[in-house]
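Scroll down for the structure; my scribbles are underneath it.
Order of writing sets the chain letters: A, B, C, D and E. Residues in each chain are counted from 1.
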Amino acid sequence: MNITTLSFILLSVMAVSSGIMMIRSKNPVHSILWLIVVFFSISGHYILLNAQFLAIVNIIVYAGAIMVLFLFVVMLMNLNADTEPVKNYRLQLIGVISGGSLLLVILSALMKMDSKQIVQMKVGDAGLIKNLGNVLFTNYVFPFEISSVLFLSAMIGAVIIGTKE
Amino acid sequence: MGSYITFPELLIWLPLLAGILCFFTKREQSARSLALLFSLIILGISAASLFYTGTKYATWNAVIYFYPNNIGNTFFVGLDGTGRLLSFLTALAFPIIFIATYKNNYKNAASFYGLMLLTQSGLMGVFCSMDALLFYFFWELALIPVYFLCSKWGGEKRIQATFKFFVYTFTGSLLMLTGIIYVYLHTSGKVFEDGTQVAHSFALSSFYNATLSGQEQNWLFWLFFIAFAVKMPVFPFHTWQPDTYDQSPTSVTMVLSGIMVKMGLFGVVRWLIPLFPLATVKFSHIVMVLSIIGIIYASCIAIVQDNLKKLVAYSSIAHIGLMCAALFAMNQVSVQGVMLQMFNHGINIIGLWIVVDLLEKQTGVKQISKLAGVANKAPVLTILLVIIALANIALPLTNAFTGEFLMFSGLYKFNPWYAAVAGIGIILSAVYTLNMIQKVFYGNTVSTTEAIKDISWNEKFILGFIVCLIFIIGIYPQPVIDLTREAVTALVSKIK
Amino acid sequence: MNAIILSAIWGIVMMFSAVFIKSKTAPKYIALAGIVLVFAANAAELYKGWLLFNFDVHGMLVAGSFNLTFIAVALGCTTMYFLLSGRDFEKTGPHVAEYFALIFFVLCGVAMCATFNTLLMLFLGIEIMSIPLYILTGSDKRNLKSNEAALKYFLMGSFSTGIMLMGIAFIYGGSPNASFYIDNIQLGVGKMPVMIAVGLVMLMVSMSFKVSAAPFHFWTPDVYDGAPTVFTSFMSTIVKVAGFFAFIRLFENSFGTIHAQWQNLVIFITLATLLIGNITAVFQQSVKRMLAYSSIAQAGFMLLALFALNVHAKEGLVLYSAAYSLATIGIFAILVKMNDYTIDGFNGLGKQQPLLAITATIFLLSLTGIPLTAGFQSKFYMLMAAVENGHSFWIVIVAVLFAAISAYYYFRIIQAMYFKEPADDIAHVWDITVAFKVLLVITAALIIILGIYPELILGWLYH
Amino acid sequence: MDIKAYIVLALTLFTIGIIGVLVRRNAIIIFMCVELMLNAVNLLLVAFSKMHAVSTAAKALPTFASDAQIFVFFIMVVAAAEVSVGLAIIVMLYRNTHSVDVNFLNRLKN
Amino acid sequence: MNNVLQIAWLIPILPLIGFMINGAGRNVLSKGISGFIGSAVVFASFLLSVYVFIQVKNGNTHVAHYFNFISVDFLKIAFDFKIDQLSSLFLLIITGVGFLIHVYSTSYMHEEPAKDFAKYFAYLNLFVFSMLILVMGANYVIMFIGWEGVGLCSYLLIGYWFKNNDYTNAANKAFIMNRIGDLGFLLAVFWLIAKAGTVSFDEVFSAATLAKLSTTDITGITLLLFVGATGKSAQIPLYTWLPDAMAGPTPVSALIHAATMVTAGIYMIARSNILYTMAPLTQGVVAIVGLTTAVLAATIALKQNDIKKVLAYSTVSQLGYMFLGLGVGAYTGAVFHVMTHAFFKALLFLGAGSVIHAMGGEQDMRNMGGLKRYMGTTHLTFLLGCLAIAGMPPFSGFFSKDEILAAAYANNPVLWGIGVITAMMTAFYMFRLYAMTFVGKFRGTHEQEHHLHESPAAITIPLIILALLAVIGGWVGIPEVFMHGGHRLEAFLEPVFEQSNAITVKHELSHATEYMLMGISVAGALIALLYAWNKFSKYEKTEVPSAGFSKLVENKWYVDEIYNAIIVQPLRSLSVFFNNVVEKKGIDGLVNGTGKAVNYGSRQLRWLQSGQVGAYVLLMVIGILVLFIIQLFL
């Protein structure tokens, strides 16, 4: 029971529980905040796995940009607890059951794997910014460029959908 | 002529061309005369093709065009005995129909005659094609124009009736298509003259030589048979027919009953039996029993049928049933009889439809119970009708007699009891035909039939012509028999 | 390669044209010029192997003549689509140029889906295809149906993206040599490891979602129905067949060796798709929605290619793409002009607009699969492939039976056009130009030609 | 650390996301659940990359283990783009209907 | 091929030509012309027949080959005519009697409008043509052509007054019953083809072919042929059409339903005598059926009041006689009786016709009586006819009937006994008829009485000629016991039956027995005759409702009703069942049901598309679950 395992468990529990909180909390604002917690804990996992670059990006992009965007929108619409007045419990139950059973099915299959593969913790240079940048601008330059198209279309989308006429 | 352009090509392309021309004609009259003219030309060509037979004129009767492709389907058309007979029947039927219905007025006649000629083209293609895929092409192409003809110019319940007919046959032919594909994938490779080589081929010869185990044949047989059975139609697959015949315009009904039903029999002759000899032998009893049930069943229904058109339809089912049974008896005599009978049945039933059409046009009713005493007003019509009707029930010295005689003797050779039971059909046919004649033509006239006038020149001419054919073939059928002799011999040899 | 980059570039060009050119009609012609250019570039690559730009993509994209032919087909169909429906963009909203730009971006994605060789490229391609479509679906802003469709499409689309990524992750995890290259997963022939299996199922789910195969088709009717008709026409044809091409390419190259181990999934999906698509289409009253279901049904037929996964299947798929797209584009082009989208709206069209009726009939016959139309040839290839596969022949029988049912709903339109009388003699259609008619005739002619001489396309596959 | 632990974790988060999509009716929350799913994937991918890093093939090509992390990077890219579009759509809808409840979206059915 | 008999084709062709002329020109030809043409062509072919007969008499028989009718594979059917003793004899009867009846008709049908008149003669000629084909055909198929041809003509002529539905019903009945018989005939032919591979008489009867046929084959073939015969020659069970056939004009009844057509069956069996001789079982059947028919018909005839009906049933009964003859192997006797019967029965019918003509269409004997005062010739000839049919020596009937009876006795006395009783009945009802018609006082209405007159020459002359024949016709077959070599007919027909005679054991009756037999039969007949005469010469109309046996007989043993109950009605209801249940509900229901099912499924599946994103995703998740289960656990 070394520190790594401990922190792994800690982070995992944190992620999962706040994830659950996220989908349970009535108020959208709360769930956004819970989601941010999830992201932070995942970033923690990245650090644990020595994927520093991703840990940073995750904080900046997700917890920083995206979530703020969400928060902004929610504020804009000032949605609050009573946006979902009537809850259909039966439907929710069905949802939970089917989702859970999906999880069970997959896990029960995967846990039968006998091959015991180890994940390299804390060490390893794969996730260092230097290497990643190197790879990104040599091997992955083309996808990097082409993904710009995504943002262009997102931009146009904003233009088409956002603008009032 | 010769190797430049061959009979089958002419028979396929001319009607197509004429049909397309018809679409662009402005006036009804011109469309009508154009159609008639072309159909007569085609008749001439087809008649000529009857004489240029044999290896000496081989290049005149078959041609193959292949274009570079990787599945090895070709445009391969040719005339063998059977094809020649049926294409001639087709060529003969259309002028008859056009003349007989010359006085009918169709709204936008241009497309009507256009579609009619397209149908003819499709039929010719079916009878001429020597390539499986091509055969399927024409098989469908003959169907589409008919679908439009029926649904456009038919009776009040036409749309449902015709659509039923369409889906019925379409399903059947799709099943056949899967069968064709399966057989195709079991054919051996082929190298064309231009050097292109294909793994498999759709050519008739390759199909005949396809390597199929008895097991495979057993279910392939049914895939094909259902398609043909629906077209014929054989007993359990027949329910589209009476409604369609009843609802479609009579000239189309003539095509349907005179020629299209022969497509089914032709398919059996050209594809089913040669492809699956083992299965044929295995299942011939089932098929024959079905057909014979059909004979009795249809005849019985015809007896109590009050709708004139449906009566003819059911009688046609009965006759086809007999042909189908005789076909599967698979001996020279019976098959020869079937060949002869295909031609005769085509002639006779068209004659019957002409008369029915006249009655319906003049009286406006098709219920037998509403008609009576026509003979008083229209003696000529009556006489011709009686002759045709008697030919239909195979009285000696009429064409149908020779055909049925051969079929029955072949059937008897195969199994006496089948012949005996099917023979009951002879009696029943007499029953319903005579009932019909008595109710419609004898007795005193009633309100509906008061105004009937005797037939006009064109109908007189056509019916007279048909009657002449009936007697000529009835007294001297040999030429027709000889026409298909080699083909039949070849076919029968496949089973032995 | 050429297609990807050029279409991306031309998308940008269209964006700027939107800024600088105020004319309503100009963008259409620019777009036409662009599509022709892209087509030409692609043709050059296909014909002579000319590459305009020399990127080193480290084998992330592999373009054989097969893929290039498919791209050519897609671009060709798009050209016809621009020609036929270009003028109707205006109906949706003012941002005509932007719409064209988005469509070019989609084309970029299409090209990527056709040539991808790593899961990354597949993922990017599909996203590049999808995101513009979300926008196009919602582009008719004042129309609530359009908004609803957009949101549904977006939510479910991103959901399926999630599934797909999870699948990719498992593939990566399960692949012995840790590779995203689809031809380098190295499965061998034995029973596949569980992680691969899980990834495979998830990939299949997400791809089925993209090609609207049951039971993941639920977005299709609503989105196709809600989206502006012009864009429905585009996304139900080119995008969809691109998805199919990607589907086949992915599963053939990565899991082809163990085909037998996942065939049952395909059979299940195929049957479900055929059943739901065909049966549900029967009762539809709105032609647009009916076509949505029919596109599901057609997808069911295309899935036979995945079931067979042999040479004929791939040939057939390319042919099918062309046949299906052309016919559907044609129908939609006519539908856009109609005042009434219900089937009764077509009553008596045969009298009022004989030419439209005839071409529509040809399109419908092609969709039904009547000989002499491209539709027949493509169905024929599919059936042939499926039969050749030799495994469970019965599925072919089922397929043809459903094809017979499909006749039922396609012919309802034909019956309406020719055999039914219009309720009142209001004009069915508006602004039919001569050019439009000519183009329809050309489209119909293309379908017939392909029906007689499919080698027109298939000839290029092995160029 | 055994890979299975990460698989369980990731799949759990993933499932939470799915369940969220199933049970919530607020479009924004549903969308957030999707984001959660993506993050689960990211986590798993990174875990796998570190798993492969110690596998034999790692020695052959030192940089290949970073492929997965690059992939994660691209996922984030795409997610960002999606978010902008998605939120735009949601806002548009809200403008028209003053609601983000997906259950009110049933003009299109059957 | 240079045999003179090659010209035999002229014999049938001439009537055919007559038919064509009359048929085509029926709108233009006057009655005189069409009548003349009709009769002339038949007379011409009569002359030819005489020539042919003489040729044959001089021992020149011939099979005239014209062309190949059908030739497929092994099956070769030539269009041949066989001219031998049997056919030439029948030629004489047909053309001769036929001619007389044509002449008779010219006057009898004179009230008809010109076009129907011509039509009538056309039909008549057509009939003669078909009948000639029937007897001249050199194989079963050609024979069958004539066989159905005559059926057709009888159908047309029975329905000659087509406005009357009863008549057309009778016509249909006749045709259909004949069809049933024809089926038997056809099946026999097919059997022959299947087993013997040929249908031409010469080949079938050749020893070689007969050797090929097993006993079962022969029995079966002969039985089936006999079925055909029962249809054509009105034997049990297919006889009921003949009495109804009296709906046709009387001369038609005389020609078709008495003299010629109905004897086709006898001709056919006589033609294939060798087969029958080789099938004793069939012979037994034939004899018994024939005898039963004879008795049954005779009993019915006892109580009939319609003059033509009586004659009709007597015809049936006489035909029964002939079959009895055939059954017991007395082929010559049967043919002989055919000939004599042709004479006297034609005579009787024509006489009856003359009476009806005089009575203005009245056919009920109860309204007749005492006609001998008004129409001498008719009465006299009619009387002769009655005597002939009653078998009074030395009239023709006596000889032929006696020969059959003798043969019957030789075969089995019981048959003979019943035969004699039948003969007595015959005598009884014939003289009942005679007495009620000619003797006593007139019971008709007054205008009828005024109208009464002797018929014109065109009617009486044929009567006289036929009467003459009825008297002397039998002298060609005087039995051995009276005059050695007196049976010229037997000598003449010898070659036809020699095969049979060769294998049948002739048990000669002693002369004493023969005399005894004749005596008994003649005596019996005489008694019956006289009893009938004095019972009915003073007949008065009395409406006593008959009961018991006589009622049964009056209603013709209810045979028609029985047939109707056990055949016609079931068939009809079966058809209705097929049409309304099996077709509409069953098969078509199934087909339409498929369509309905698809529609229903469509309507249900649409609910899957609820429009709720949540539901969609849920279904998708469940779909994923299913896929996983398939992939991972199946």
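By our rule, a residue touches a chain if its C-beta (ideal position, glycine included) is under 8 Å from a C-beta of that chain, and two chains touch if they have at least 3 such contacts.
Not measured: the values here are computed from a predicted model.
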Original post:
Which contact partners do subunit B and subunit E have in common?
Top reply: C
**OP:** Select the chain at the greatest separation from subunit C, using centres from the mean of Cα atoms.
**Re:** E
Original post:
Taking each chain's centre as the mean of its Cα atoms, which chain lies farthest from subunit B?
Top reply: A
Subject >> Dominant chain pairing [most C-beta pairs in contact] >> reply: A-D
Subject >> Central chain (distance from its CA mean to the mean of all protein CA atoms) >> reply: B
Subject >> Centroid distance [mean C-alpha coordinates] between subunit C and subunit B, Å >> reply: 42
**OP:** Determine the centre-to-centre distance between subunit A and subunit C, using the mean Cα coordinates as centres, and give it in whole Å.
**Re:** 32
Subject >> subunit C-subunit D separation of Cα centroids, rounded to whole Å >> reply: 26
Subject >> Centroid distance [mean C-alpha coordinates] between subunit D and subunit A, Å >> reply: 6
Original post:
Which subunit E residues sit where two or more other chains touch them?
Top reply: 595, 606, 609, 611, 613-614, 617-618, 621-622, 624, 628, 632
Original post:
What are the residue numbers in subunit D that touch two or more other chains?
Top reply: 3, 14, 17-18, 21-23, 25, 30-31, 49, 51, 55, 65, 67, 70, 74, 78, 81-82, 85, 89-90, 92, 102, 105, 107-109
Original post:
Residues of subunit A touching 2+ other chains?
Top reply: 91, 94-95, 98-99, 102, 106, 109-110, 113, 139-140, 143, 147, 150, 153-154, 157, 161
Original post:
Is the way these chains touch best called a line, a ring, a star, complete, or other?
Top reply: other
Subject >> Chains that touch, pairwise >> reply: A-C, A-D, A-E, B-C, B-E, C-D, C-E, D-E
Original post:
Considering the complex alone, what residue numbers of subunit A touch subunit E?
Top reply: 91, 94-95, 98-99, 101-102, 105-106, 109
Original post:
Okay, in this complex, where on subunit C does subunit A touch?
Top reply: 4, 8, 11-12, 15, 55-58, 60-61, 93-95, 98-99, 101-102, 105, 108-109, 112, 120-121, 124, 127-128, 131-132, 134-135, 138-139, 141, 193-195, 197-198
Subject >> In the complex with subunit B, residue positions of subunit E that touch it >> reply: 67-73, 75, 141, 144-145, 147-149, 152, 155, 159, 162-163, 165, 168-169, 171-172, 175-176, 179-180, 182-183, 186-187, 189-191, 193-194, 571-572, 574-576, 578-579, 582-583, 587-588, 591-592, 595
Subject >> List of subunit C residues in touch with subunit B within their complex >> reply: 315, 365, 370-372, 380, 383-384, 387-388, 393, 396-397, 400-401, 403-404, 407-408, 411, 415, 418-419, 453-455, 458-459
Subject >> Touching residues (chain side subunit D, partner subunit E) in the complex >> reply: 18, 21-23, 25, 30, 102-103, 105-110
